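Here chain A shows up in two complexes: once beside chain B, once beside chain C.
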Partner chain A sequence: MSSIRDKVAVIGVGCTKFGELYDMTYEDQVCDAAFQAYADANVDPSEIDAAYVGTYLPHAQGGKAGISLADPLRLYDRPVTRVENFCATGTDAFRNACLAVASGQHDIVLVVGSEKLKDRPGRGIPRIGHQILGKGNTAPGLFALAANRYMHEFKVGRETLAKVAVKNHWNGARNQLAHFQMEITEEQVLKAPMIATPFGLFDCCPTTDGGAAAIVCRADIASRFRDDYVLVKGAALAVATGRPYFDPTFDYVGFRSTQAAAKKAYEQADLSPSDIDFAEVHDCFTWTEISNIEDLGFCEKGKAPGLVEEGRTRVDGDIPINPSGGLKSFGHPIGASGVRMIYECVQQLRGNCGERQVKDAEIGLAHNVGGPGAVSCVVILGQR
Partner chain B sequence: MTGLSSIGVYLPRPRLERSKIASAWGSRQPAGERTVANYDEDALTMAVEAAHRCLEDHEALTFDGLFFASTSSPYREKQVASVIATACDLPRAILTADFAGSVRAGLAALTAAVRAVESGSARRILVVASDCRPAPAESALEAIFGDGAVAVVVDAKARLCKFVGAAAVAEEFTFQWRTDTGDSVQVQDARFSISHGYLRDLGEVVERVMNEHGVGADQVAALAVASPDDKAAAQLARAVGIDAKTRLVPSLIPQVGVLGTPDPLLLLASALERAKAGDRIVVGAFGEGAEAVLFEAAAGAGPSACRPSIEKAIARRAPLPSYERYLKYRRILGEDETPVELISNVLEARELQQDVRLYGTRCGSCGMVQYPQARVCLACLKREALEPVKLGKNGRIFTFTVDHLAANLEHPMGMVVIDLEGGGRVYVQTTDCTPEDVQIGAEMTLTFRRLHAGGENYNYFWKARPA
Partner chain C sequence: MSSIRDKVAVIGVGCTKFGELYDMTYEDQVCDAAFQAYADANVDPSEIDAAYVGTYLPHAQGGKAGISLADPLRLYDRPVTRVENFCATGTDAFRNACLAVASGQHDIVLVVGSEKLKDRPGRGIPRIGHQILGKGNTAPGLFALAANRYMHEFKVGRETLAKVAVKNHWNGARNQLAHFQMEITEEQVLKAPMIATPFGLFDCCPTTDGGAAAIVCRADIASRFRDDYVLVKGAALAVATGRPYFDPTFDYVGFRSTQAAAKKAYEQADLSPSDIDFAEVHDCFTWTEISNIEDLGFCEKGKAPGLVEEGRTRVDGDIPINPSGGLKSFGHPIGASGVRMIYECVQQLRGNCGERQVKDAEIGLAHNVGGPGAVSCVVILGQR
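After this line comes the complex of A and B, so read on.
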């Protein structure tokens, strides 16, 4: 089996402002992100051979089937596939686009992630699933089960979790596209209203609208579009049980789907965690970032709280995590988030990130986990 | 010989001090407090709780009948006895019936069970009386009523007491009623109703059952008669010549309230806790006539007659913070949770063993117990050796959250992952507890509760309460 390493290049990216985009439709977001990417890649829409669209929650305005991308972009007579894989939707759409190129079937492929979470009544995201089993679960509540067990096992307090939120808000405050562009204090995090113990309001990512796009092509033709293209080093997905709470063997201190996807991605890239210069990881809740750092192999299980306490995950630290502001501050339009991470990785690798630029960023990693723990996707990108 | 071999008592944990009702309405109310069914409880769920206490003494497989008595069944049409039997994992081949109509139904169900066992047409019948009677706001009934359930096992062993005889009268008498469209119990002039209804009819049957079996008033060790208020039972004792001070089973109205159909069974239970073998106990109930039953205490009578003791059942309590909370629990005021879609009866039928009887799967190959029922073993990945296995009801919290976001009538709501004794891990809501009770390692018991409502139907599932 050959690796995907260096076979696919990212030649263009686009991203809308993330936030409460009450004036924009799902289709507006798809259009704005895609046309930014066209311009960034210097690609004419007629050159797109195929497209993938990632949306978690179909909406009256769009998000279901390939037409939710094809119609707003008028991108007809070619394959367009909708991808949905919980919170890994965006990165999995990107991964599928890479596979399509690597297979030799298509030369240039468009990926768009778009999500409208604010065009609906109610709080949070709607619960979909068995009407009786697990009734009462919420997204924060499900991750909180893991957080509480982890905090019990490793004697970690809410103060450590709060430092993740403070750090990601600091980064987001320096990101013009982020949903929340303000710094916060540890005290604010700890005093915020409780959502699902141990998570207060500031331990949770927001519900956000937004769209992001990327254009990938065969690596051997990438220089036709731009010199500073980015190479895909690895792209791996792994699935575990969607009902971890019924698994008597599950220790609830990390996610095997992330561990498996990361292992595969490192193998493809022929890299180890120490080669990664920065990572955009799935910080849907503050604790999730701590677990991700460990599951991605940046340190041993139980050691990430120490890294956070010591400030090593800040932009100027030795393991910068979520220099974009993360889901926490950038926002989390579910299907768009993974593609947004690709956007951020590319901007970091191009050196475009100003005050939150990671120094000497040559290899970046993007990671989504959904379910919680049911599905994870890891993408590793590097400078050409 | 036929009689009672086990008694299970269930009183819901929430209590409402009557002084809170008095201050809400600016009225005078009796002293003490009443039991209040939790927001996720009704006559059905309380009956399941009481029935499970009896199952600690008797294998589910040994029952061939279950009678349910209530004036406040959650269903006007749909048999609840069969739901209780299923939730208790009783065999399919059993006789079930709902007794309803008046608070006399509790004793009527017990007598019917005794007759069935006596005749040899049944071996062991579980009788459950349960009520959560709706009272009009600001009525006298609101303060005097209480909620609860009592289950008894009727069989030929008669471990606690043996049946001696019964007497009944039936006659139209309008005292307390609820019409087919009414949403709360109505009452006619209580003074007349007690003197010319309750005392006349109940007095008649109590005297008749004593006379028919040659038992004089001074030979009755305990008079256990349901009472519409805190005075009528003592009046009745005087009317039939039984010393109210020493022989009348003390009323539980001060701590519990008037339960309805469970009352005669609860008072019988109370009498049996104080009885010694050979004691004669007269039990009575009223309602469009009256019924009295004479029992003789057996060797099992005494302080450990009930599961749990009535004292312990009363001691498991949590006062409601306000009268308004009671109104919310009964869906009289406040915001109800968003209704869910009607659950398909296809899903219900397919998952009955898993969701109601609470069966998981055991892998014959590696031994792992898993829930919900698996198609391929989670541990050894084999498919061939999976077999249904009944899960235990007790376990410890492995992890938890107290969720303020979840759509629920009570906030916040605990969600817990529990490792059950005997294997299997479940993920359920908590109930009957405070956020402080929801901790890693805490011992919990599964309890059958109303999960949600929607499509004009109720859905029941298991939740966890502190053990």
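After this line comes the complex of A and C, so read on.
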């Protein structure tokens, strides 16, 4: 086995506004994100050798198979594959695009994630927020089981969770593409209606429409397209059981899939957690961000609440987490989220993020969870 | 771009009995196929570096995401990706497994296709046979539009189509894994109830449960596992529009996606159609096999009916088509079919097929269509 480190470069990215996009179809989102990426990469669509589309919930006339990308973009006579891996769909589509380039078979590969959740109430919201995921539980309820165990184990209160939401909304308020561009207070988080104890409304990410795109190519030809291309240092995915909550080995305080994926990604990149300048992590709930920080190796298990309390995960902290606003504020259109994380990492590495710019950002990490906890994907990107 | 030719080897394959598998779940099928492949490849499950699962119709508690393979096989802490590309799902999962190996990132990769269609009438049969695919039409109805145009254009009668069904049932009757292991007569085909003119019941492939698996690895380590490994010469996929029947450039006599995928696969393999000793092609309907023979370059457009009439596509002909029995007789559990084609090609290249063995089989081709006609994947396999 040889690492894909530095074999693949990201030369362009695109992202729609995230939110309630009543005026855009799934296909509109694909086109908006992809054409931004074409322009960003200085690539003509005819140069795309292959493509991957990440979408979780297929809908009647779109979102299934490779044609859900090929038809809106008129990208025919080449391979287009649909990848689906729960909420980690977007990063897995990106990871497979990287493998396709590293294989030598394809030079320039497009990745698009797109999801419509808001305007199809029969198939969107209920299937995520309210759908019975297992043994009578829902997504907030399942994550809450772990959050409660964690909070008991490490003596953490809801105030600490609330600080994650406040921080991510502060970042998102400075992000023109974010779903919720508003700051919130700790008091608002704590007084919000309860969804599944300990998660109130502001502890949960929203239901969002959106699309994002990235273009990757062989690193040795990347400078043809732009000088400030970003290198893929590592891209690893790991599955755990799809029923972690009913697995007797599950300790309820962290995700084995994230730990395994992070370990492999660091090995591929020949880097350690201390080399990472910032991370976009899967904060589907406030507690998840805290747990992720530990599972990704930024501190020991049980120590992330301290980092949060001390403000070290803010944009001006020593390990900024979710400078984009995260799922919490940017939103979470399932198949798009992972590609959106790549978008944010690239913009941070290029130094384009204004008030929420991470200082001296040279290595960024994107971390996407699906499942819950069943699958995690970690991508490490670096300036060349 | 460099070809994946001879970089990847198939070292093991497995396949369940295809049919009405009321006694097997989706997960049972995954396990049966995968453990056959492990044994066939002399590989221990712990040696699998990554996996791909091909399934089209997700069901409530399985068939979605990588865990639909990882959970039944307890294959954790490594990447497992679900690929979906309509009826070409299985070969696309195989193609992506080959790219993952060629990338250098993974040495040994498992591919499983599994689909339950028979025991979920609300989500299986109606969604395929009766589902409205577009503008009020169904799968048989859409393919029939093209078949009628073709039959008018090239002066072909239903008797020629019937000969495809008779031939494929003859082959399937000699295949212990096939769904329908019975010979039929031309008269039976012609007198069967009409489904969508010109397709009677026996012109249509059945609705089937089943699973199939393959294990691929780096060609340079394949001899560790078995001497008679098979080399991947080419694996190409091409998309056309998802609405070929409403595309004004569609000529209704062949599929652009197959023509494009075949061209690329031959280029990768540095082979021409005359080098192919036999082919497993996507005979979802009898006419489709005729059209495929031409689109794959085995003869000019309009000439395949002659090959069929002369018996040249039989096992003892000069270009045997679907020695397995094809979708027509072997059955068509969507995500499994493409991997099942790889299974048959490998068994033919090993010389294991008894009465339906193709003589001196050294190069085989698998061809999978989804869409209808929206996506095609062509894989070329050869003896080392």
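Going forward, the second predicted complex is superposed on the first by the 370 of 384 C-alpha atoms of A that agree within 3 Å, B and C clash if a C-alpha of one lies under 4 Å from a C-alpha of the other, contacts with A are read in each partner's own complex, and residues count from 1 in each chain.
Note that in this section a contact is a pair of C-beta atoms (placed from the backbone, for glycine too) under 8 Å apart; a residue touches a chain by one contact, two chains touch by 3 or more.
This is a predicted model, so every value here is computed, not measured.
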Contacts of A:E84 with chain B and chain C, given as first, second, both or neither: second
Partner chain(s) touched by A:R149 [first = chain B, second = chain C, both, neither]: first
Chain B versus chain C as contact partner of A:L99, first or second or both or neither: second
Touching partner for A:V315 - first (chain B), second (chain C), both, neither: neither
Contacts of A:V30 with chain B and chain C, given as first, second, both or neither: neither
Partner, of chain C and chain B, that touches more residues belonging to chain A: C
Partner chain in contact with A:D49 - chain B first, chain C second, else both or neither: second
Touched partner set for A:L271, first chain B, second chain C, both or neither: neither
Touching partner for A:M341 - first (chain B), second (chain C), both, neither: neither
Which superposed partner A:G141 touches (first chain B, second chain C, both, neither): first
Overlapping contact positions on chain A, where the chain C interface meets the chain B interface: 134, 241, 243
Chain A-facing residues of chain B, complex: 340-341, 343, 347, 351, 355, 368-372, 378-379, 398-408, 412-413, 415, 417, 419, 423-427, 429, 435, 440, 451-452, 459, 461
Residue numbers on chain A that touch chain B, as the complex places them: 123-124, 127, 131-138, 140-141, 144-149, 152, 193-198, 241, 243, 245-249, 252
Touching residues on chain C, where the partner in the complex is chain A: 1-4, 49, 61, 64-68, 70-71, 75-86, 92, 95-96, 98-107, 134, 236-243, 256-257, 260, 268, 370-371, 374-375
